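Some structures are shown below for you to check.
Look at the two complexes coming up: chain A is in both, with chain B in one and chain C in the other.
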Partner chain A sequence: MSEKTIDRLASATPVRVARKVKGLSDRAIAWIFVGPTIFLLLAINIFPLLWTINLSFTNFKANRLNREVKYIGLRNYERILGDADVWLSMQATAHFLFWTLFFQVLIGFTLAWLINKKFRGNDLWTTIIVLPMMLSPAVVGNFWTFLYQPQIGLFNYIMTFFTGADPSSFDMLGSVDLAPWAIVIVDTWMWTPFVMLICLAGLRSIPDYIYEAAEIDRASKLRQFFTITVPMVLPFLMLAILFRGIENFKMFDLVVQLTGGGPGSITEMASINLKREAFEKWRTGYSSAFAIILFVTVFGLASVYVKALNKVKER
Partner chain B sequence: MKHLKIASVGALSLAAATLSTGSQAEDLTLCWAAWDPANALVELSKDFEAESGHSMNFEFVPWPNFADRMLNELNSGGKLCDLLIGDSQWIGGGAENGHYVKLNDFFDKEGISMDDFAPATVYAYSTWPKGSPNYYALPAMGDANGWFYRKDWFGRDDIKAAYKEATGEELGEPKSQKELLKIAQFFQGREIDGNTVYGAAIFTERGSEGITMGATSALYPWGFKYENTPGKYDMEGAVNSPEAVEALEFYKELYKTATPPGYTNSYMGESLDAFKSGQVAMAMNWFAFFPGLYADPDTGGDKIDFFVNPPQNQAGSTLGGQGISVVSYSENKDASLEYIKWFSDPEVQAKWWSMGGYSAHNSVLNDASFKDSAPFAGDFLTAMEAVQDFWQEPAYAELLLAMQKRVHDYVVADKGTAKEALDLLIEDWTEVFEDEGKL
Partner chain C sequence: MSYSVTEPSPRQKWLAGTLVILYAVITMIPLLWIMMTGFKTPPDSISYPPKVFFEPSVEGYVNLFTTRTRVSPEQLESLPPPENFAEEIVRNRDMVIAGPSKFAGRFLNSVIIGFGSTFLSIFLGTLAAYAFSRFRIPLADDLLFFILSTRMMPPIAVAIPIFLMYRKLGLSDTHLGMILLYTAVNISLAVWLLKGFIDEIPREYEEAALIDGYTRFQAFYKVVLPQAATGIASTAIFCLIFAWNEYAFAVLLTSGTAQTAPPFIPTIIGVGGLDWPAIAAGATLFLLPVMIFTVMLRKHLLRGITFGAVRK
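And then the complex of A and B:
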């Protein structure tokens, strides 16, 4: 910007405004910029959190506003922690979380490693692979329900091809043994591309000269993989695990669409249980306590994980 | 003088406008579930629009989301619905939480008598506390869970002979729950016209109310009771009685041995689909769907017939149906009450039945021609004589979700025994009633 332009802009600023701005310190200007954000953060994050903590000690029900609200101390927390069904829902969440992360990391990294090789149609394959994650979870849930249908579902027919079993002899969504795996398969199908993309970014960030130096040192391909590729991609991979872990801990839509938490309560994740308590049974106090327990769990695990991630990055 | 004239004209205009406000045309919104009878009500309401000058809008929500959507609307004091045809179980919450307008004064003023409606429907859809003369709804749609079957298959000589050979009995409409199971098992996996068919489509849905409505269709005929003494919430020995245990075991056997594969989360829509696609010999569903089923070009007409939920130790059908209420947050209460008055008229009720809605008005039900007016009309009357409903307490949603969980856990997910499921259900319900201060 030329000197003249600056002068022109300065002279165009109304005197009143110029005088006001002139009187503000850097700190005040900083507050003006940061203030609205802090206000919004307090209003839509911190205040609801404090309010939820407050409600968690009461018997409040949001659908019974004319009922007397009583403070009941830690009773909600005692009930939740002593409720076998809550622990079962946590178990269902842990099963889902562990196996989806395991498969997504394994397949995602493998796909990224393959895609990173230069070959014809590379871009086309990348586009095809990332398609599932562009779909809405509701749509994915719906069409996988059809794929899993015992009488007409494609999935059962493909399984029949490999196992020889009658397609209608097993029900992926209706069997207690298979339903937890059915939701793992769908989530893995949908979100592995996300892990793949992050891993791909990691792989492409490794400079070629490191491999060239390793070649000169006569390091084998396997050694290069474990001493260069894996350590350098690890921070990216850990970031992908963090994102997917948080997402899957609060998984709701896909599972509701597929199984509704059933059969029985075998796929009723903590988030589904919480939604039922909060917005179907309207046990607001109880569900607030449940939400706080989940929040502390995720926050605690994420903090430990982020520390580990930072250590990996520092290496 | 000129100013005085202008002022007088202005004052008169204002007065005229104020006086006409009472009969001003309003935009009314009626909320209900999205299903066949709702479409009939849209047609019927055109008469109301023509007579009153008010215009009607409709908000219909699919059944699986109906309770969630509407109860959220009521709990948040929403003004979306002026009139609500809400489920019978909502009446306690609607009354105690102030969502519904109490209609006693209005009924007295307009000469609407609850004696003109079938007692079972008044009890179930209108009163709170139960059975007291406090009315929060007008019975709008009588309903119960019933059965329909492939009359053409039941009438075939080869199938009849095969049934006779297999069971030693004649194939016909089941006269008991156990006979129903026997027939369903007979059809399970049978080849008919080159297709594999199955016994029965029943309710197993987990998310809303499905499996509870299905299982109670077995529990009530076995003599299931919610309490030993009505109003005392003493459930031990009633909810988990030997009869209740046997009924629940029966429902599980029906599910395990006589339903199509993958039938683990099925409700009204799935039952209709299974029947219309020729998959099942019998299906349970609400009477509300029967006019549509009878009219179906592929599986209706001569191919279908209907029967009441069979008795076992006693007659018993699960109550469906709804009353129509005025939402207390509505800004058009007067026009909404006008609608209720119009709807209660015997002529409108007769037309309502003729269009596919189940009137609960005595003038319709007691009419000599009613039983022959549709192939399922007689069954409907029989069913309504022995209907039983779920808890209608303000905490009904908690009570319902607990039963959904316990019954689905046992019937579909093979968790524990029937006795254990019912014992756990008592624990859940006791906790709810303790929270409510009723125990």
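And then the complex of A and C:
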């Protein structure tokens, strides 16, 4: 037995040499394994990004290929920052971002906290709650327009049932006052489970002994909640906010199907405005500059946020 | 049962359970309504008040899969008797079936592009994740962050140059183009998740295999791959769901041969306005596989969602 072990150890010594002989070196394998992924990302992510940057300094229009392409410096950027429509679309994005995050955090955390009471069958109900976020936003968003129909829609009917208002008296998607809330409702319905799941992971990561120690110190349940539960879940919650924030800043499919940016342009968020400039007005150079501005904004905000998150984690 | 301060009382559990179930029921209403509407007749679907109880009909499904033309009553009478139930349903509305609709083709496109890109993302992603996990790669952390940051771009922003590039390469509106695109989008998440799974497999297993005379490749596919199978499967499901649900690229880059179901379903129109039962039928067929998947694989899936997030 011991002899065998010794044999193995002996044969283990020249393993580096053996590796070189048998098959490729680790270094070569590393590049063969990573290479295709890097190539694909370069071809379909980085090259287009560089191209977008290049286009953003031109007056190029993708539907007029024969026109001479002129470099016009920073003119596109100047135009965007002075464009009232762009600022309106940023306002619409901010409204959507703030309220969806507010409701999703509030409801998501509450649900996670309730599920963590470990009642019977909680995992099945968790799965059911999670269903909306697994589905296609475009298909689901499209169907919500049916639920929001003024006279025949189920949503209006249920609202009537609770408020007594006439179901044809309000149009969630057609009214300037209500449309921004209509998209907040659908996004909250769809994405609250995501915040909930991450909060749940946070709650489950808190070891029991902390609560036991607090109990021995006779801390009240309320105090335990604010001094143990909330601070321990906060990093998780902030992470959930980061992911939802990035996603909702880019929001396109759900809102396009629900309102298409309307009525007027009240729900025309950044991505929808961008799509209109790029693929309807075909102002390719201008929209490239807009795309770069959006990317830098998300990237900048996310970086600042991640720094704050790391500080919270260290505490 | 032993007493524990962290164990909620039965009353608390009951209350928490009731509230969660209430939320779950409310959250299910829109989804149940989609499935119900698919089995309504067009007049039933737009009745006021909304009908909860109705006589089920497959008219929505018939309309989903066919195109129809209106004919005059005289023409209708001159036709031979209907061959099947679908023909009969359509004739009751003074129409005849003109041919199959595009839905089946669009659905098939979703399947081809979804599975194609998932396979490619997992294949490339597993290799890259293994390399990131096991070898010293220069600037590995920067590369990983870079791979992940590509997801911060709004899809429309990337779509402009991809649209131009694909037009030049002849990849617009092709299956291959969409598969490559979705792979590029998915691979960042795939590498990130898979690296986590592979990190968990002890290096000693492979080292033992190397000592036994395996090459790196053999050690990789005979030792590491079987160990990582669960992780690979749950990553694959995420990639598949993303590709299945994606809309922005699909609507901008495909219009015909390679168009997937999400941009197609909202455009289903009947005679005289939107055909809600047909849209609902299409939505049901499209969403149901994902719902069943989610319920069946809930353990891996729920872990995957938080796992991917919490690791970062």
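Structure notes:
Please note the rule applied: the second predicted complex is superposed on the first by the 269 of 315 C-alpha atoms of A that agree within 3 Å, B and C clash if a C-alpha of one lies under 4 Å from a C-alpha of the other, contacts with A are read in each partner's own complex, and residues count from 1 in each chain.
Here, a contact is a pair of C-beta atoms (placed from the backbone, for glycine too) under 8 Å apart; a residue touches a chain by one contact, two chains touch by 3 or more.
Remember, predicted model here, so these are calculated numbers, not experimental data.
Ranking chain B and chain C by residues of chain A touched puts C first. Shared-chain residue A:Q151: touches chain B and chain C both. Of the two partner chains placed by superposition, only chain B is touched by A:N59; chain C is not. Contact with chain C, but none with chain B, is seen for A:I198 once the two complexes are overlaid on the shared chain. In the superposition on chain A, A:F252 contacts chain C only, with no contact to chain B.
Using the contact criterion defined above for the overlaid structures, shared-chain residue A:Q91 touches neither chain B nor chain C, since it reaches no partner.
In the superposition on chain A, A:G262 contacts chain B only, with no contact to chain C. Overlap of the chain B and chain C interfaces on chain A: residues 62, 149, 151, 256, 279.
Partner chain A is touched in their complex by these residues of chain B: 68, 71-72, 75, 93, 97-98, 205-207, 260-265, 394, 397-398, 401, 405, 408-410, 412-415, 435. Note for the complex: chain A touches chain B at residues 59, 62-66, 85, 149-151, 168-169, 171, 173-174, 176, 256, 259-266, 276, 279-283. Listed in rising order, the residues of chain A touching chain C in the complex are 8, 11-12, 15, 18-19, 22-24, 26-27, 29-30, 32-34, 36-38, 40-41, 43-49, 51-52, 55, 62, 107, 111, 114-115, 117-132, 134-140, 142-144, 146-147, 149, 151-154, 157, 167, 189, 194, 197-198, 200-201, 208, 211-212, 215, 236, 239-240, 243, 246, 249-250, 252-253, 256-257, 270-271, 274-275, 278-279, 284, 287-288, 291-292, 294-295, 298-299, 302. Touching chain A in their complex are the following residues of chain C: 4-8, 12-14, 16-17, 19-21, 23-24, 27-31, 33-34, 37, 46-50, 124-125, 127-128, 130-132, 135-137, 143, 147, 149-165, 180-181, 183-184, 187-188, 191, 210-211, 213, 215-218, 241, 244-248, 251-252, 261-263, 265-266, 274, 276, 279-280, 282-283, 286-287, 290-291, 293-295, 298-299, 301-302, 305-306, 309-310, 312.
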